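Here's the structure we're looking at; comments come further down.
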Amino acid sequence: MDTNTLIFLALLLPVLAMFGNMVFARQDNLRDGFTFVCAILTFGAVLGVLGNLGNSTSEEIVLVEMLPGLQIALQVEPLGLMFALVASGLWIVTHIYGLGYMRGNKEKHHARFFACFSVAISAAIGIAFSANLLTLFLFYEVLTVSTYPLVAHKGTPEAIRGARTYLGVLIGTSIALFLTAIIWTYTLAGTLDFAPGGILQGKVEGLLVPVLLGLFAFGIGKAALMPFHRWLPAAMVAPTPVSALLHAVAVVKAGVFTMLKVGVYTFGIDFLADTGASDWLMWIAAYTILASSIVAYQQDNLKRRLAYSTVSQLSYVTLGLALATQMGVMGGALQIAMHAMGKITLFMCAGAIYVATHKSNISEMKGLGRSMPFTYIAFLIGALSIIGLPPLGGSWSKWLLMVGAADADHQIMIGVLMASSLLSLSYLLPVVAQGFFSTSPDNPYNGIKEAPAFCYIPPVFTAIGCVILFLYAGTLVEFLTPVLEEAQ
Amino acid sequence: MTETIVNFILFSMLVITAFAIVRQDRLFTVVMLASVFSLLTAMLFIALDAVDVAFTEAAVGAGISTVLMLGTIALTARGAKPASRPNTLPLLVVLVTGAGLVYGTLDMPNFGDPEAPSNVHLSPHYLTNSIEEIDVPNVVTSILASYRGFDTLGETAVVFAAGIGVLMILSGLRHRRRKDEEEEEDA
Amino acid sequence: MATASETPHIALTLRDHLPILQVLIPLCTAPLIVLLGDRRVAWGLAFLAALLSLVVSFLLMMQVMDGSFISYHLGGWAPPIGIEYRIDAANAFVLLLISLTATLVLPFALRSVADEIPARSHTLFYACFTLVLTGLLGVVATGDAFNVFVFLEISSLATYVLVSQGLYRDKRALSAAYDYLIMGTIGATFFVIGIGFLYMTTGTLNMADMAERLAGQGSNRTVQAAFAFIVVGMGLKVAIYPLHLWLPAAYNYAPSAVTVFLAATSTKAAVYVLLRFMFSVFQPEFVFDTNLLLWILAPFALLAMFAASLIAVFQTNFKRMLAYSSIAQIGYMLLGISLFSVTGLSATMVHLFNHGITKAALFMAVGALVLRSGTTFYDRIEGMGRVMPLTGAAVVLGGLSLIGVPGTAGFISKWVLVQAAFEADLWWIALLIVASSLLAVIYMWRVVEILYLHTPHPEAIHKEAPLSMVIPMWIAAGACVWFGIDTSLTMGAANTAATGLMGGTDGMALTPTVGGLLGNGQ
Amino acid sequence: MKEHHLILRVVTKSLVGTIILFAFYVQFHGDFSPGGGFQAGVIMAVAFILYGIVFGLHEVQRVLPAWVVHKLVALGVLVYAGTGIWNMFLGYEFLHYGSFTPDHMSHGQHSGILYVEAGVGITVTGVMVAIYYAFAGRTPRLGNDDW
Amino acid sequence: MTLEFFIGHINYWLFIVLMMTGFYIVVSAGNLVKKVVGLNIFQVAVFMLYISIGKVTGGTAPIFPTDRMGKIKADPEIVYSNPLPHVLILTAIVVGIATTSLALALIVRIREAYNTIEEDDILEIDARTARAENIIHGEAMGGRA
């Protein structure tokens, strides 16, 4: 099949899954099986695109002209393909996990849940393959709206409050800042296409560059740059599969992916480096990294701790971009994949613990590791990857970022990265340590077993994934290099 | 000169009537004064050569609308409460509007000026060509029914709208075979 | 000279008659309905008329999409002697919106009206409805300034009556209709004063002729006063912010079907008239300083956008909230006008259409909710999205379009408007536009939460609305999405219209032959 | 309803005929002097309203039933529009009366004006009488002595 | 300001005084019927302005003299006033009475529903209803704003 067909398939199969969920709303097994098949096929389609990449040049596919001179168009490029692979691949894992979680936890409205889930995946893939900012923005908003029902899923006052914050921040920043930035860019540059080397060079100068960058950086609320990070902890009221896939992978990664895209293809790294427009962004990113790590350290609720950890880790990507060096951007790009694999492991483990024990506070999990060894070992591996220790994927992205910081003559950022690693060590490892080594006086966990297999096998898989990513990081770097070379 | 004097007298009476209406609280008197106002207006229209308009104003203002207003008073109330609200805002609105109007008049052609744009552009066409084109002595009728016949169709539609509007609000449409059928509908 | 006596007459075909048929079809239908006096036939006739109007307006649109215009001489009298119908891209677009909405509203009205108005009034209801349609189409199609007033009054009178028919549900419909009548008549009278002043300085009533003569003689104080009175008079009908007082009550207490139609078309037709006079007749670049327009209109526009949106946020009644939202949205249109550029006017034109279909979808959902819950107070429509999934989803789609989320029609309008602000180097206005749409997020999302995240009220009928309501609602909601993605029709028409309007006199020039004959009037 | 004075009734009866006659005069003489369909319609309506005021709503509705009036309301508009549509069928613009007699335009204008004025007259008569019926059909709130 | 200008414009100003008197009645009167009367006066004054536009000094009513057969005897000596404003105002008068009759019909129904035709009373009744609704359905802001 040619690339165009495959891209359409990757976009439409999740939509098909949504319709399947609506049609077979009452036949549980048929519905979930259908979605599963769709998920596999979607991943297959994205893999097919990857396979085709070598032997055919990527062309722009114009779907429709939305505004005069502005099309809804799709295009394949390495960065996007990587994001699509991550999103669609992890969908399969999460779907299996989601089945275990939703059934094990006796949640309601399965059909609605999985339908919205599928739409969100489709939107994420749309973001990945967008050929211009307009298309990207379209899918960006579809992603926001389609995940809202997932966050509000439980329907409790707390869930509604959380969902309101979620939607308010994401829609608010995107419409007030991101959209403004896009239209402004369009008026200045006359185009919104993602072009190697950026489209703003020579069109903008002076103070306007940092202002525009600021509108983008804060407008892309999904990148959770402080102070627009609140939606992420708020979204933790959602069922864990949602947190796992969407708030560790699809949604937040869509944010930082957009950030990178804008940086590389709208501004251009060299343009940013020459004007120094991104210097302030670097400091904001550094601040977010450290501040949210500290906040994470103070959280007792496991999911909230992971959420703040995510906020911190996302800013690595922003930092990589703000360094405006090749190594920095490469480090940021790798971080997308590495952190996705690591964080999804952690979230799935947290969910597994919740299904098994209905506990969500770390202080109540003493000694639990001995009852749930698989879960805890997977958690450990994920945590080490996040911290950035070899032989796990996370170490590579951190290493490249540090090199990038050195290239950019911002040695202080190396210090920030080191400090952040130490902080993450201090807030992630105690969870594991408590699980294995401390015992609660009255030992309430007698009789607690591992969560259903659907729940603990997926994290084990993704933990193994972290190791594999460490081994194949070189291939990934090679694959992503064209992004930077074209930028020259 | 006599024309000016007549006009001036008519004007004074119109203004007096209008001011009397402002101050009057008995609705019957208000309606009657309005009727007088219309009659005076009709006279003014005659003085201004608009005989068709005068005829209509007399029939409508002094006739139909007075009857309707009296009918309404009979169905509602005969007295108006004296205004209780502060009238500064209405006064302000009126003064601003009036100032705008006066401002607009400053560049107007003099009253009765035969060279005014309005009297040299379309009007001569109607006054000279209508004899040949339509051949009706009353030029107003020519324009009303033919040159601007579509306006008059619109006017008829307005009357129609008002008619069915009043029917809808007050009584409803009557059918030939009524009684039994309609009672059925209402039930 | 205007008669065809000198040259052999070529018989006109149906195609030549399209401009007048546009108005004539509903105009004849209304009395026909009354004459037949049968309420079963009434709806059918009204629907047929609306459908035919839609076909006609579509054909007209096709003819003028290239920027040309059609002139139809009523009574065979060439303008400015007689009345002229003049169709160009700008009004064909609005004609399309009006007839489209009418065609959608009538099927919707069938159940809604049966539910809200006693059977004995149905015949007259549909006659009045057709009259409103006639009036609005006439106002938009005509090229004669006084004819605008006549048709405006046809639609206004019929509208007052239709609004008052909400009395069977709430007696406040009566006082709402009365207030609307008084304000509307004041507006119309102001408009007439403006036309009178214009007639005084130009001696003509034909808009194209007026434009030419104004351009020929320059501005003076009478013209300026005429401008002010026409803007204020039409402003009352448009419900520009401080002149909007009639709107919330009228929309809120009118029968649902009437509200749908009014919200989608009535203020839009008035906006069109405003545009036509401002740009085609007056051509502000010579009547006023361009910037003056911005500084006069933009504050009112911004005031509407924020004040009305804020009031909407604090409402507890869905229908009333939407009414305030309409006032806010009119602010966007006004803002587009005040930016005074082709892009700005395109934004106004496209928002006119997009907001029309968006509000049509939303108010139809309101009607469906009224049918099932009896009212639209928030505490009574709680959870109705669950038992009325299609209606609920239409609210969500319409709401997204109102907010301006990409993929919906509202996004397109917002995009073009913000772009116009940037082109004019008014970045702060751009920021205010997006900031005000955040208020839309708040008031719309509140409703969405209420519809979905609660349990349905026990007194409501837990059943989806009938198909006759859901299908039109979804056509409107679908249109919100369709015109948010494929904008060739809307943006194409809006651009052509805006270019024509900004062309001022050129856009309104009489055809050379006629102009040559009448040019030497003095 | 209390019967009015005898003289009033006799005078009214004779007056009504005269008024109707006058209405027809105004209707058809509008080409030559002030007046036309609208004024004639109003005068015609006044005749019936006068009759109604003196003899009561019931009596006048026996002469001119409400449903007839309601048909008249619609009929006039249709006569007017119909004239124009007829012109369209003759291959000319809407309301181009010249089309009735293409070889002598002003003759056609005469007949055209006659038809449309008739239309106006019918509708105006209908509407004015209908409005009177509608108002008179309501129970008054004020008695005769309250004025 | 010359005297000629003053004489030539004084009637416009007098019309404006009448118009504004009518307009003032509309906006200030509390009684619904009186408002309608005000509206009529306002409109009629506008009509006067229109008619005065068409007046030509020394002109006569625009009706041609005819011979006994009804044939027009054109006489170029006679100056006629401009007939166009007359036509417009004929239409406007009809529109005016249509509006008036509708307004009166509404007033009759309002009296039946509210038992008053005073705006203040109606506003108060409406406000009371709104307050009652707020108690049932929750507080709303910005009633008639």
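Letters A, B, C, D and E mark the chains in the order given here, with residues in each chain numbered from 1 onward.
Here, contacts are C-beta pairs under 8 Å (C-beta built on N, C-alpha and C of every residue); 3 or more make two chains touch, one makes a residue touch a chain.
Predicted model only: the values in this text are computed from it and were never measured.
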Chain C omitted: connectivity of the other chains: A | B, D, E
item: Winner on C-beta contact pairs when B-E is weighed against D-E; value: B-E
item: Centroid-based (C-alpha) most distant chain relative to chain A; value: D
item: Whole-Å gap separating chain A and chain E, where each centre is the average of the chain's CA atoms; value: 67
item: Chain A and chain B, separation of their C-alpha mean positions in angstrom; value: 71
item: Rounded Å distance, chain A centre to chain D centre (Cα mean); value: 78
item: Chain centre separation in whole Å, for chain C relative to chain B (CA means); value: 28
item: Overlap residues in chain A, where contacts from two or more other chains coincide; value: none
item: Chain B, residues touching no fewer than two other chains; value: 51-52, 56, 60, 64, 68, 71-73, 75-77, 101, 105-106, 108-109, 116, 118-119, 122-123, 126, 133, 135, 137-138, 140, 144, 146, 148-155, 157-162, 164-167, 169-170, 173, 175
item: Shared-contact residues (touching 2 or more other chains) in chain C; value: 3, 27, 30-31, 34, 37, 74-75, 146, 150, 153, 157, 160-161, 164, 193, 199-200, 205
item: Every chain pair in contact, whichever chains are involved; value: A-C, B-C, B-D, B-E, C-D, C-E, D-E
item: List of chain C residues in touch with chain E within their complex; value: 146, 149-150, 153, 157, 160-161, 164, 167, 171-172, 174-175, 177-178, 181-182, 185-186, 189, 192-193, 196, 199-200, 205, 245, 248-249, 311, 314-317, 320, 324, 377-380
item: Contact set on chain C toward chain A in their complex; value: 400, 403-407, 412, 414-416, 418-419, 422-423, 427, 430-431, 434-435, 437-438, 441-442, 445, 449, 452-453, 484-488, 491, 495
item: Touch list for chain B against partner chain D, complex; value: 28, 51-52, 54-56, 59-60, 63-64, 67-68, 71-78, 132-138, 140-142, 144-146, 149-150, 152-153, 155-157, 159-160, 162-164, 166-167, 169-171, 173-176, 178
item: Complex contact set, residues of chain E against chain D; value: 61, 63, 66, 70, 90, 94, 101, 104-105, 108, 111
item: Contact set on chain C toward chain D in their complex; value: 3-5, 9-12, 17, 20, 24, 27-28, 30-35, 37, 72-76
